[in-house]
Structure formats: structure tokens, C-alpha cells
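Before anything else, here is the set of structures, which you'll find just below.
In the two assemblies presented below, subunit A is common to both, partnered first by subunit B and then by subunit C.
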Partner chain A sequence: MATTEVERRRGQLAALSIAVVVIVVGVPLWWKTTETYRAWLPVSQINELSNLQLQLSADVEVVFARGTVTPEQQKKVPLTRTQDEEHSVDEDTALRYRYETRYRTATIMEEDALDQPTAAEADLSLHTLSECPCGSLVVYVIPESSSLLPQDVDVYIGQRRTALLRIGGQIRVGKTLDLLLAHLEPRIKQVLQVMSFSHTDITAALSDRVRLSPGNKESIADSMRTFKSSPGYEITFSLLNPDPKSHRLHWDIEGAVQTYIQPLLTKLASVANFSIDSQTLYYAMLGVNPRFDSSLGAYTLSPDSLAHMINPVEARLGSNAASSNPVLNFLLYVPDAQHSPLHIHDSKKQEVPTNAFHSPRWGGIMVYNVDGFYGPEAVFPVDLNINMAKVMGVFLAQLRLLLGVQSPNAPSGFLVAPCSRTGLADWELDRLMWSRSVENVATATTTITSLAQLLDQIGNIVINDNIAEQVSSAVTSLQLAVAELEAGNLRFALQYSKEAILASERAFFDPSLLHLLYFPDDQKFAIYIPLFLPMCVPILLSLLKIVSDARQKRREKQAKKD
Partner chain B sequence: MAAHRCSRSALLLVLCSLCLFSIAESQETTPAGDHRATGVDNPQSVTGSTEQMAEQPTVVEEEEEEEEDRRWEATRDEVETENTSAPDTSAPTFEVHSSVPKPKDDFQEELVIRPLHSGDIYASFQFRTLWETDFTTGNKVSHYRLFPKSLGQVISKFSVRELHISFTQGYWRTMQWGQPFLPSPPGAELWVWFQDSVTDVDETWKELTNVLSGIFCASLNFIDSTNTVQPSASFKPLGIGNVTDHRFLRYATLPREIVCTENLTPWKKLLPCGSKAGLAVLLKSEKLFHSSFHSQAVHIRPVCKDWQCKTKSWELRQTLNVVFDLHTPGQGKQEWSLFKMFSRTLTEACPLASSSKIYVDITDDPQGEQFEVSPATHLLSQAMVLGDRRTFSLYDLTQQITFGTVRSLNLHIRWKSSEGYIHYQPSKDRVRPHLLEMLVQLPPNSVTEVTVQFERALLKWTEYTPDPNHGFYVGSSVISSLVPSIVAMDTNSTREQPLFSSL
Partner chain C sequence: MKILGLLSLLATHLSANSVNIEENAGQFFSSGHTNNWAVLVCTSRFWFNYRHVANTLSVYRSVKRLGIPDSHIVLMLADDMACNHRNPKPATVFSHKNMELNVYGDDVEVDYRGYEVTVENFLRVLTGRLPPSTPRSKRLLSDDRSNILIYLTGHGGNGFLKFQDSEEISNVELADAFQQMWQKRRYNELLFIIDTCQGASMYERFYSPNLMALASSQVGEDSLSHQPDLAIGVHLMDRYTFYLLEFLEDIHPASKSNMNDLFKVCPKSQCVSTPGHRTDLFLRDPGSALITDFFGSVRKVEITMETVNLTDPIEQVEQNFVNEDLQKESYSYVDQLPVSEIIHQTLAGEDAPGSIVAVGGNGLVMPPVFHFYFTVTRHDVATRQEEPD
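Our next item is the complex of A and B:
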């Protein structure tokens, strides 16, 4: 009896000690070794970013020319006024526009410049006088009697960052300055909306972050046409020659790119990096059969069929092996001799004068008919030189559209200076930079917040140090970008927003995040159960037995006591 | 000449009537591989024929009436890939670009067809794009005409000096087929020389393999440090350039890689004419992959543009080698045509190609005794292939006359019946025996060995013979010679002759 009691005691002790070892050593060891490494993330800052308060500041300088203000008014200027405008886009996003307007009178040099015979010359000489920084504007208020502007034009928008504003007739010299300013204010605001940023542009740029209620069709089409903001773009020009037996085509793409495209891209260099290449594709067919219109004696493509043209061609275009930036494709299609001439018709069955169309966020296609360059008695193959000026004019316009450089609809009474050789006015670049900065900030915040959300929700994901580093740098860049926007330093704001977007994308698409992502709990059990169950069952059973024994003993004791 | 006449007379009919009652279960084993007579040529006769061939041009020109038509063309050396830094000895091109400035790139295509000793057909496509440009210097190359853009971008992005990639399905049987123009191992093989400006070669190599894997739809992304080596003695650069520091060389093979249509399509896309015109029309995957051997490759290297090697060009060589097993037993005659091999005929050259040619290797049969090529061509060409002077019939696709009146070229090769005849009738279990008949032309002073492999099968218990220790008896083989002599077939019994001499 005594020996069995000792045996039992020993058995219990053994079970207990094994259980203790398992719990004290085994469980922490298992816990420690199966832990996923998760580096620290700046969660609180990311949460702050999810609530975005963007402030855009634009500096405007209003310069009064001689004859617009009286000497006593002149004494009161220079003065500075600040105007704030607040919009709440949705519950997480708020916008505030701050216009800082400084009023001053024109210097002598500027007066001389304004005495030029035409507005364009005045614009040029004003530009040489003062280099105003990116994102700011100078509005020159000129007297009504000035001959710079044509009769029906009140506002002239130059190629740089200057505008000429003719003072209205009803405001006569001699009224108080406040009245004058109050009169000028709405006009200056109009100028700002054209030359700097408008609320519609900025909300469109926020589309990545804010789901907007669908507006009118045109604005949706506008917003969908433009390529997403990206740190770089690849531009590919492809000459499609489906009939090399008949046409031997020569295009001086190298020279044309240098002459027509490169100036624009040099100007846009601060917005994104561009790389250009070109190729010639032979036997590249369109996916659609053009219809022969006997009344015109030409083949026609209807607008419905245009949508089917791209896919078959795209298989031949080839993807860009060297980078993952979005590709803008520009195709020049020379129809084969049997299907010439080929015309693109619009929905009203009218010939499209440029014979070209573009596809949103993809590129443009131009049909170039060559049948007029050789007679019926020509000996095939014919050597043909392509008129690159004509082609590049179309492609340049399409490129501007696809990059989002779109001329705003100027209100009546506005005269916008014609495009210069670079194809882009300074203020157009500013507009693009404003919307691109906002877009980058919006995209980067969305990426970072959703990454943080994802990492928070799925505990399995390993967060390596480099990802934490990228996230931190993205957050820092974002904060800097927002601060620079607030300060009105457009160039820096864009720079930081680009860095933010790069870092956030790199963190989001890091392959190391995927390793343990699809490792659900049931699979864990499948791994652990064969290991732990055989080990745990005896331990648990003996523990249960010990507990029940102890309870029984206590009950016996209780009974004895009773 | 006399030797050939002699060999013609030595026609032997080998009749192997194999009464293999051993109930061979292996009825399905085709006779193509194992049951074929392998004529072991006498080395003397081979050298004799090459000597004869060397002095052939004069002979031929005397015989031919139209001497002008027969043009001997110095063909580009096929073996220039054998690390000969000697400048390219290419033939002067006949095309004259008069009106427009001569383009800086040039495209050539050719197809070499060689009937192999084993009866198979070896077809080798070569497409060469030469481009007078420089990827190495700082200025960016970005305007492509004939050179494919995707590969050009790869070269400039990864600073590649030389790139050789091959995809091979099947195994090249050197014993039966001789040497290939360019050997390639089964599976995928990739070796790359990087420029010495590359700092992190391993990283570049990894990215390059990933990009190439996308371009060629192959699993090249499985190339990693475990299967990459840096050979120090072999794989010297094939193009110009004097850097041979093997730190910039990487070599990897993926022997398990299975080559199929998805690799062929992107390969064809690199050609300027795609598969729409020229020789590439023949590249139909359903026929190409139904072959004994298939190998497609891309070689990129810098080459000299002129004799002094002052300017550098980049050469993209796309090759596709395929061996068709067109031997069908029991039909008596062997023949093939372009249509039979590729299910297409040729109608035009690629309009972008400066030269487009088909070569048929007639070295082994300069007199047209063993096989006949139709339509006949007057153009002949000689080239040194792997140190061996070979003769080719030449078809120039850039000339309209090649296509004749039907406007399509369908090359036929018909073996003359003297070449051989194989008739094989497989046995049926317990119904009929095997029959293998072979008509073989034997060269003089040669040894011919015929081997037949068979498998044994299990017998039913009633089929055991009373004396199983004897095994099975196999009937004798019969050799009958077709001697062109009246002695052998004298049916005229009226003549007074000894009886033993008349049958």
C-alpha cells in the first residue's frame, strides 16, 4: 500500500514537472521561435496623414502701371493682403487655398517694358526684367487707354508667369484704393484660376484618394485621359508599315524628336523623367477592316471600330524591358497600297482633319496616307519620306493631352498667348506641377495608409527593416511636401511628393511582404497538431488526473472532518 | 568516276527474313532506329570523293552549255562563330541603294538544308541583323528599325557585350548526323559577357535573366547562384573586344526547360518580317516541334564593320536548327519537300532582307546520284564549314526567277531508288513472323553490319519445346545481289550449258 502510494506520488511529480517544463520552457521557446519579425512603423504619423489637410499657397504680385492709381493712392501701396478659401472635399480631406497678394507700383524699367507696341513683346521684356519663382504670378494692371491689348480683350496671359490686366472703364481714377482693389479682386481671381490652379483641377487630382460623385461626362473623360502621375514615362514612337513590299518608308524620327518633342520634355523635366525611343514595325496590321466608301473613293474607319484597333497592334509593340514606367505609345500607321487612302471619321461621319485619334492613358494613333505621293505607274517599292512636321504636330498635341497639360477654358475677354517653340508656357507647367504635387501627395498617402492598415490587419506579415525605412522616408517626404505646398514652394513640394510616392510604392510592392501573407491559421494547426497532440495528451491527462485526485482527497478530508 | 561506277554495280539486296518465332512483344518498336543498315563507309572512298569534288568546277563548266548561269559565289564562312577574330569576309551585296541614304542596318536570312547520312533532314535557319551603332558609349540608342527594340534595350540597360541564349528540345546525335553548325545543349543555355563598366555583375545578371525570361517566355528566372558559373577557360567572347576577364562572364543552363510554341512565338517576333514573309513563313510550330531535334538560339555580339575594324556593328544572329525524321518505312521511296517538312511553301523573300537564300548541301552527292533536287538550280556555292569544304546548291529568293511560273518555291528532294529500300513487316503474336528487307548500296571495300535488336517475351506453358535447352532457331538471313549481268538471270534454257551455271 505504501509503495503504491509512493509510486503514485512519483508519477504525479513526474507529470507535474514535465508540465512545468513544457509551460515554462517550451511555450516561450515556441513563441519566440515562431514569432514574425515586425519592425516599428510610424503608425501615429501615418494616422495623421490619413486625415489630410492640404493648403496651397500662391503668391500673386499685382503691379500698378502708370495711370492706374493716383499719387495719394500710390502712397498707400505697397501693401499685402491674404485671402483664404476653404473647401472640405470629404470627411478626411480638406483643402485650403491661400492667395497672398502683394500690391506695388511699377518700376521705371517695367514701365518701359509696358510701353512696347504689342503685348507679346511686353511679355518678353517683362520676363527678362524679373525671374519670378515657380508657382507665383505677376499681374500688371494697365490703364484703359493702353494700346497693348486689342479692344475686346481685357486680360492677356503671356507665355511666362505674367498677365496683363486692363483696368475697367467704370472704375475711374480717383476713387479710393479699397474700392479699386475690390473691383480688381474677382478679375485677379479669374486670372489665378487660369494660370495657377482651380478647384476643379485640384479635386480631380485628388481622385485617387477621394471617390468623387460622377460629374458631367466631359470632366470624367478629361480626368481619365491623363496618365497617372509617375516619376517617369517612356515615350515610344512606332512606325507601322503593313506593306514593306510597296512602301519603303523613311522617317527622320531622331531629328523630329530633337526638334519638336525634346524642348517640351526638357521643360517638363522637373515633373518627370522621360525617355524616348522609336521602332519600325513591319507587317503590323490593324485589327479592323476599314470600310470602302465609294462616294469618297477612300477607306474609312468609324469611331466604333477605333476601339478595336489597339489590341492586335499592341501585341507587336512589345513591352518595355528596361523599366516599369508607364509607356506612352504613338503609332504612325501608313496604310498599305491596297487600302489607301484611309480616313478616320468622327461620329458625324465627317473626316477628322488630323486623321488621328488618341486612347486615354495609352497613346495616340495617326493614319498617314502616302498614296498621293506616287502615281499609278509607280514601280514598287516606292521610297517615301514622311513629313515629320505634320506628324509631330499631331503627336505633340496628343502628348500634351495625355500628360495633362490642358489649356483651361479661358473666360471671355481673355487672350492667351500662342504656344512658344517649347510647346508649353511657364504657367501651364505651374498648373501641371500644382495638380501633380497634389496628386502625388494623395496617392502616396493612400498607399501608405493602406499599407499600414494591411500590416495592422494581417499579423503574419514580416516587416523588414528596409520596409520600415521606406515607410518612414515616405512619411517624412509627405510631411515635407505638405509643408512646402503650404509655404508655396512648388518646386520643392513636387520634388518631395515624388520622393514620397517612390518610397511608398517601393514599400508597398516589396516582395518580402508576400512571404508569409498566405499562411492562414488552419495550416498552422495542420503543422502543429501532429507535433503537439501526442505530447500534450499524456500531459493534459495526467494533469487532469492529478487535479481530480486532489479534489477527491480534499472531499475525503472534508468527509472525515464532517 | 570509275569508283562510282563500280559501287553502282555492287548492289546487294539484303533480305533478312527473320523468322523470329520468339513472339517478340516489341511489335511497336519501329525499325527506324535500330533495324537500319549502317553502311560503314570506307575512309578511302570518302577522301576520293572530296578530291573529286575539288576539281569539279572545271568539269562542270565544260559540260554545261550555259556557262554564265553557273555562278560560283564566295559564301560567308559558316564557322566564323568559332572565335576567329578575322574580319568578316562577306560577299559583296548585289543590291544597290541609290535614291535614299543607305540604312545603317542590314538584314539577311538563309536556310541551309542538309540531307543527313541517316536519312533525316537537317534544316538550319539563320537570320542576321547587323546594325552600325554603338550600345557601349554613353549616348543612348533609342531609334530602332530592323533591330528589335526589346533586345536593344536589354543590351543598353544591362551593358551587355555579348549574349548567347539557346533553347533546345531533343538531343543532337553526332554519330548519326555529324556536326551541327552550332552546338547547343538540351534545355535552355544562357551565357553573357558584360561590359567592364558593370560594377555588380551578379545583380545585373539576375535582373537580366528575369527580363530575358519575360522576353522569351521561358523559366530563365530560375537561374540563380546555384546554377550559374563563371568559366575561366571556355566561352571566350565570339565578337570583337579584348576583355577576357572572366569576372564579366556568366554561364547557366536549365536542362529541364521544355521548349515549345510559347518560346518560338517571341523568337519570331524579333524578326523584322515576323512570320509574315520570307523564310520565317516556314516556321510553323506544329511542324517544327514534331521533329527529332529542335534548337533555337539568339546570339548578340559586336562585330567589325570593315576590314580595318574601325567601326563596330552589332550583330543579332537568330538561328533555328531542326532535324526532321521523314523516314517512313514500307514506302520504298524517300522524298521530302518544303511543304512536307513545314506545311508551307515559299512565295517571296522578306522585302527587308538584303539577301535571302536557300542552300542545299550536295557535298555528299555532287553528281546527283543519290538524290535529286528539284527545281534544279544553276547556282552553286562553296563554303568552309567546320574545316570542311562543302558544296551547296543555291536558291536566291530575292530573284523572281527562283519562284518560277507557279510563284512559289517548293523544294523537293527525291532519293533515287538505288539509295535504299527498307521494307519491314512487324510480326504478330503467334500469327506471323517479322520480315525485314533492305536494299542497300554498298561502297567498294567496305564493311556493312546489320544489327537487329529484339526482346524476348514469355511463352505459354504449351509452347515450350520438348528440348528447351536448344533455345529458338532463327532462320538465316538472305543476301541477294542485283548484279547487272546476264549470268544471273539466264532463262534461256535452249542453250547448252552445265546445269550448275544456269540458276
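Our next item is the complex of A and C:
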């Protein structure tokens, strides 16, 4: 009797202790060993960044030349004035533009410089006087009577960061200073919108964050044409020679690239890295048949057939790129002797002077006719040298368009100086830097917030230390970039925004983040039940038995008492 | 005079530009994409699944014919049918019986082949999470203005698609992968075509915008194969893709057929199963989406109006010729086993007694021999130093 009691007691103790071990030791151990390693992420800062408040600051210096303000007015000219413009793009994004305007009068040397006969020369001599820092402008206000600008032109935009603004006829010098400043303000803002940034440009740059309904057709075409911001680009120049039996072509591509293209790319070095290569393709035919126009005595290509020219050639172009950077292709096609000369016509059947066309986000093609260089009695194959200056002029224009450097149409009354020998004016570079910084900041914030969302939603993804590091560095760079944009330091802002993009892309596209750990619930049960059920059923049953025994004993005790 | 000339130049430039932009913008407006990509996947292996490889290759052929270049196509074939040893006509994959059409031509570029076609690789290609060493041809380098065509074929079931007979991809994973692509703006519009049994279950769970999906059969139905070829001994194509191929053969790059025509391909009378489609996530009206928006690659072009006036002459690039007269160092291999040395030493050291013992480097030499040991070792060292010539 006593032994069975002891046995039973021992059995109960055994069951209880097993249950205790399972619950106290087993469950935490199982939990710990099946949890995924997730490094800490700065989630609160990321949530702050999802709500983007961007402030862009631009400095303008307004210089009054002699004859625009009277001497008494000169003394009363305010030194600085700050203007803010708020725009709310959508519920997560708000923009503020701050314009800091400084007023002063021209120095003697500047007056001398402005005394030149034409605006271009005045611009040149003004450059020698002072260097304008990146992101700011100088506007020289010249009197109505000045002969620098032609009759109907009120504003001349130079090659660096200066503009010449002529006071309109409505304002006489004798009027008050306030009226003068009020008259100048909208015109200076117009100049700023052309030379620095305009609201349409900035909202277009934010397209990654904000899917806006189409504004106007021009801005859509612009945004579709230019390449998205990328840390590097590959440029390939190809010479297509379909008829090597007739033409032996020589092109000094190395020298041409060095002289004409490299200065532009060096100037753009702060925006992106460029790598250039070139190739020659023989027996590369067009995909379309040009029609012979007897009235012109030449073969013509209509604009509809141009779209089908690219695909057959693209298959043969190959790509040298070992990186994943976007590729810009520039093709120079020399028509074969049977189909020379070949002209491209626009929709109005007019010959296109450049004889070239480009495709958005792809590159450009130029047709170069060589039939004029040899007569019918020439001995084939004919040695021909290609005029690289003409070819590179067209390619440079196409490159400017594709990179987004080309400025939109200036409003009426504006005269823009032609590009310098580098192919890029300083203010155009500033424009590009503004829009690229904003674009980078927008893209990086969306990447980081979507990554944080993804990692939050899916609890099974392992977050390694290197990802957490990249995310933290992206967040820091973003905060710095936004701060620099506020302060107006354009170069630093661009640099930080580039770092932010690189870090965020690296974190987002890390190969270890692949979500292959999708376990539907029935699969989870299928894995755990064979492991735990055989162990838990005896424990549970014995616990139940203990409880029912205890209850029975209590009932017996109660019965005994009664 | 100058002013008038300048004015007229400005005016013509402005007007020409505005007209140009208007007509181009009309083209741009319609679809909003500038490039096309295609991801074509065949998921089954073994010889009797010949028809799945033929399906994928025929879609590949149509897509290439309509203009998408190989650099923009990611082709994944899980098994090699053309060079399979059971193929009576090696290096061919036919899609029509009586061997009418060989879809495995000269320039088929397969990016993922054999065992590389796994669920993991497929998802990595879609989401872009590839290791940095992956070459360009194996990546989907699309941007926010790309239209992507995704074609899957193989054996499937309700909510899953079987890869390689050992793993499967579920419709939830696929939907999540598309959402990841949308988050990173990796596509403008996406057309998803699937030719498997119960294919419609695969697009049930999509929730990202701008997706259009077509499937060869509804949930609970089987997609059937078309016709066997008695010479080759297997079924050559699936019905849905067979009629899809026939439909696509009539499309040329300038055709204006739209998606509504594609939905009519292979009705129940021909296909036995009921093809399905899903367009509620697609923002445009399917009737305005052209077939060539996804299957072909019609480029938008703009005439270049501007040119930069370059007047500098080309500077001569400094020719840095590699120094022609490089020091021609002659290299030779070091003797691994100094056999010649040993031979020479024994020959030389025959006059000196006890030398052989000393070469062994044995420290236990008798003092009388010590002297010889030293001479021999010195000689030893001397010969060793002469080696590198």
C-alpha cells in the first residue's frame, strides 16, 4: 500500500518536474534558437524622413549699375532681403524656396566692364573680376538707355553665373526706391527660375516619391527623355559602315573625344562618373528602306520609319559594360554608295539640318553623307576622313539633352549666350545639381522607408550587421544632405545625396534580404507537430491525471469532514 | 538689321521647338514607357516536358522578332531539349508537328540554364537582389519607364508553380516580389502570362498597380497540350501558347492591335480550358494598350534640332606608346629537385673523402672529417648560390 503511494508520488513528481523543465528551459531555448538575427535599425529616424520637408536656398546678388538709381537712393538701398515661398506637393512632401537677395551698387571696375560694346564682351570682362560661388547668381541691372542689349531683349544670360537685366521703360529713375524694387522683384524671380530652379523642375525631380498627374506635355517629354540620376554612365560611340568596299572611313575618335566631349564630362565630374568607349561596326544595315526622292535627288527617311531603325542595330552593338550603369549610345551612320545621299525629313517634309535624331533614355543616331567628297571616277575603296567637329557638335547637343542639361525654352525677351567650349554653362551645371540633389534625396528616402516597411512586415527576414550599417549611413547622409540644401551649399548637398543613394541602394538590393522564408500556417504546423506532439501528449495527460487526483482527494477530504 | 536677324532666329527656333514637342508629346502620352524587357521562364525538366521549353522558345522568338534585343531578355530554361540525347533531331526544338517551325535558331541566348533555374534565382532576378558578380546579361536592369513581359510555363497547381520537380513558388511570393518591384519603381507596366494548369490562381493575389495578367486556365481546370509529333515522340506545344504564337505571327512592329485582341486568343473551343485575364490593377484602359507595348520594342524618337558650334581644332592626343624596348628578362624555373647539383657534387667531391656523409648535413661528424665537412658545405653553398641565372 505504502509503496504504491510512494510510486504514485514519485510518478507525480516526475511528471511535474518534466513539465517544469519543458516550460522553463525548453520553451525559451526553442524560442531563442529559432529566432532570426535582426540587427537594430534607426526606425524612428526613418519614419521622420518619410515626411520630407525640403528647403532650397538660392543667393542672388543684385548690382545696380550707374544710371539706374540716384545717389540718394543708393544710400537707402537695403542690404539684404529674404523671401520664402511655400509649396505643398502632397501630404508627405513639402517644399520651401528661400531667396536671399543682396543689393549693392557697381564698383568702378564693374562699370568699366559694362562699358563694352556687346553683351558677350561685357560678360567676359565681368568674369575676370570676380568668381561667383556655386549655387548663387549675380544680376547686373543696367539702365534703359544702355546699348548692351538689343532692342527687344531685356535679359541676357551669360555663360557663367551672371545675368544682365535692363530696367523696363515703365520705371523712370526719379521714382521711389520701393517702386523700383517692387518692379524688379518679379523679373529677378523670372531670371532665377531660368538659371537656378523652378517649381516644375523640382516637382519633376521628385517624381520617384510623388506620382503627380501629368502637368504639361513638355515636362512629361522632358522627364521621359533624361536619364535618371545614377552614380555613373557609360557612353559608347559607334561608327557604322555598311559598305566597306566603297568607303574606307577614318575618324579620329580619340582626339575628338579628348577635345570636345571630355571638357563637358570633366565639368560634370561632381554629378556622375563617365566612361567612354568607341567601336566600328561593318556591314551594319539599316532596318528600313529609304525612299528615293527624285525632286531632291536624294534618299529620304520619314520620321515614322526612324523608330524602326534602332532595334536591328542595337542587337549588334554589344555592351562593354562590366557595371550596371545606364549606357548612352551614339551612332554615326555613313550610308552606302547606292543609297547616298541620305537625308532625314521631319513631319513637314523639310530636311533636318543636323541630319540626326535621338531616342529618349537611349542615345542618338546621326547620318553622315560622304558622297560629296568623291566623284564618279574615284577608285573604290575611297579613303575618307570624317569631320569630327561637325559630328561631335551634334552628339554634344544630344548628350546635353539626354543628361538633362538642356535648359527649357527661356521666356520671351531673354537672350541666352551660346554654350562655351566646354558645352556647359555654369548656371546650367547649377540647375542640374539642384535637380539631381533633390532627385537623389527623394529616391533615397523612398528606398529607405520602403525597406524599413518591408523588414517590419516580414518578421522572418534576417537583418545582417552590414545592412544595418548601410541603412544608418544612408540616414545620416540624408539628414546631412537636407541640411546642406537648407544652407545653400550645393556642392556638399549633392555629394551627401550621392552617398545617401549609394548606401540606400546597397542596403535595399543586398542579396541576403531575399524573402524565401514564407511559411504558411499549415506548413508550420506540419513541421512542429511531429516534433512536439509525441513529447507533450504524455506530459499533458499526466498533468491532467495529477489534477484530477488532487481534486478527487479534496472531494474525499470534504466527504470525510462531513 | 542684326536685331531683326536675331529676332527671326529666336522666333523660328521657338516655334519649331513648340511644334516638335507637341507631336512628340502625343506619342509619349499614350504609354509612358521608353524601353521593353522580357523575362521568359520554363520551369520543368525531363524530356517529356519538351513542350514547356518549346513554349518558352516560341515566345522568345516572337519577342525578338518584334524588336526586343537579347540584352533586354532574360531567358531561363530548366532543361536542355535541343541537345538532349533523346532528341532525334539534335539542335532543334520544334513547335509545329511535321517539324515545320524550328524555334531554336542560331542566335538563342539562354541566360539561366539547367539547375540555375530555381525559385531563388527567379525572385532574385525580379527584385534585383543579385550578388555583385552577376553579369549584365543575367540582370533585369529595368527602370521606372520600362514595360516588362513575364511569361511562365510549366506544371502548376492551385496557388503554386513547380520549379525543377523539387520546389515551388507560391502566388503570395510572386505578388510580394511584384510589390517589391513597384516599391523600387522597377517597372512602368507589367504583363504577366502563365501557361500551366490552374494558372489563374497565380494572379489572384496580385496587389501592386499597373499589372495585367493572363492565364491559360481557371482554377480547377487543366491546361492541355496541343499535338504530339510521332517522329520526336512527345507533345510539342501547349494549346494556349500554340494559339498565342499563331496570333503573334500576325503582329509586326508597326501593328496597332491592342490587348483586347490578346484576351480573345484561344477560346474554350480551341483550348478546352478557359483562359482568364485580370485587368483591374491596370491603370490604362486595356483597349488602349498595344500588343507592341509589351511584346515589341517600338522606340520613341525625336529629331535633334540643336547643334553645338565647335570651332577648336582637335588636339593631338599624346601617344603614350608602351616602352618598346622592355628589359627582356629571361625567366627559368628553379630546379625543384637539385638532381644536377647532387650529381655534380658527387663528381667533384670524389676526391674529398667523407663528402657524401657531410652533404646530408649530419652534425655528428668526426673531428678529423670536420675539415672536410666544412670544405664540402662551403662548396655546397657556393654551388647553390650560382643557381638563379
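Methods note: the second predicted complex is superposed on the first by the 441 of 562 C-alpha atoms of A that agree within 3 Å, B and C clash if a C-alpha of one lies under 4 Å from a C-alpha of the other, contacts with A are read in each partner's own complex, and residues count from 1 in each chain.
Going forward, contacts are C-beta pairs under 8 Å (C-beta built on N, C-alpha and C of every residue); 3 or more make two chains touch, one makes a residue touch a chain.
Computed from a prediction, not measured in an experiment: that's the story for all the values here.
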>> Is A:P360 touching anything from subunit B or subunit C once the two structures are fitted on A? First, second, both or neither.
In response: second
>> Which partner chains sit in contact with A:I253 here, subunit B, subunit C, both or neither? Use first/second/both/neither.
In response: first
>> Which partner chains sit in contact with A:N273 here, subunit B, subunit C, both or neither? Use first/second/both/neither.
In response: neither
>> Output check: A:S347 vs subunit B and subunit C. Expected answer is one of first, second, both, neither. What do you get?
In response: second
> When the two structures are overlaid on chain A, which partner does A:K245 contact: first (subunit B), second (subunit C), both, or neither?
Replying inline: first
>> Quick check for you: in the superposed arrangement, does A:D383 touch first (subunit B), second (subunit C), both or neither?
In response: first
>> Let me test your reading of the model: by the given contact rule, A:Y282 touches which partner, first (subunit B), second (subunit C), both or neither?
In response: first
>> After the superposition on A, what does A:Q262 contact: first (subunit B), second (subunit C), both or neither?
In response: neither
> Does the superposition put A:S473 against subunit B (first), subunit C (second), both, or neither?
Replying inline: neither
> Per the overlay, which chain contacts more subunit A residues, subunit B or subunit C?
Replying inline: C
> Touching subunit B and also subunit C: which subunit A residues?
Replying inline: 254, 319, 321-322
> Can you name the residues of subunit C that touch subunit A in the complex?
Replying inline: 2-3, 6-7, 10, 14, 17-18, 20-26, 28-29, 32, 34-35, 67-71, 119-120, 123-124, 127-131, 136, 139, 141, 143-145, 170, 172-173, 176, 180, 183-185, 253-254, 297-317
> Which residues, counting only subunit A, touch subunit C once they are in their complex?
Replying inline: 150-153, 207-208, 214, 217-218, 220-221, 224-225, 228, 252, 254-256, 258-260, 303-304, 306-308, 310-311, 314-315, 319, 321-322, 324, 326, 344, 346-347, 352-354, 356-362, 364, 366, 388-389, 392-394, 396-398, 400-401, 406, 409, 415, 418-419, 421, 423, 446-447, 450, 454, 508-511, 513-516, 518, 520
> Which residues of subunit A touch subunit B in their complex?
Replying inline: 236, 244-245, 248, 250, 253-254, 275-280, 282-283, 316, 318-323, 381, 383
> Residues of subunit B touching subunit A in their complex?
Replying inline: 99-100, 140, 142-146, 148-150, 153-154, 156-157, 211, 214-215, 269, 272-274, 276-277, 348, 351-352
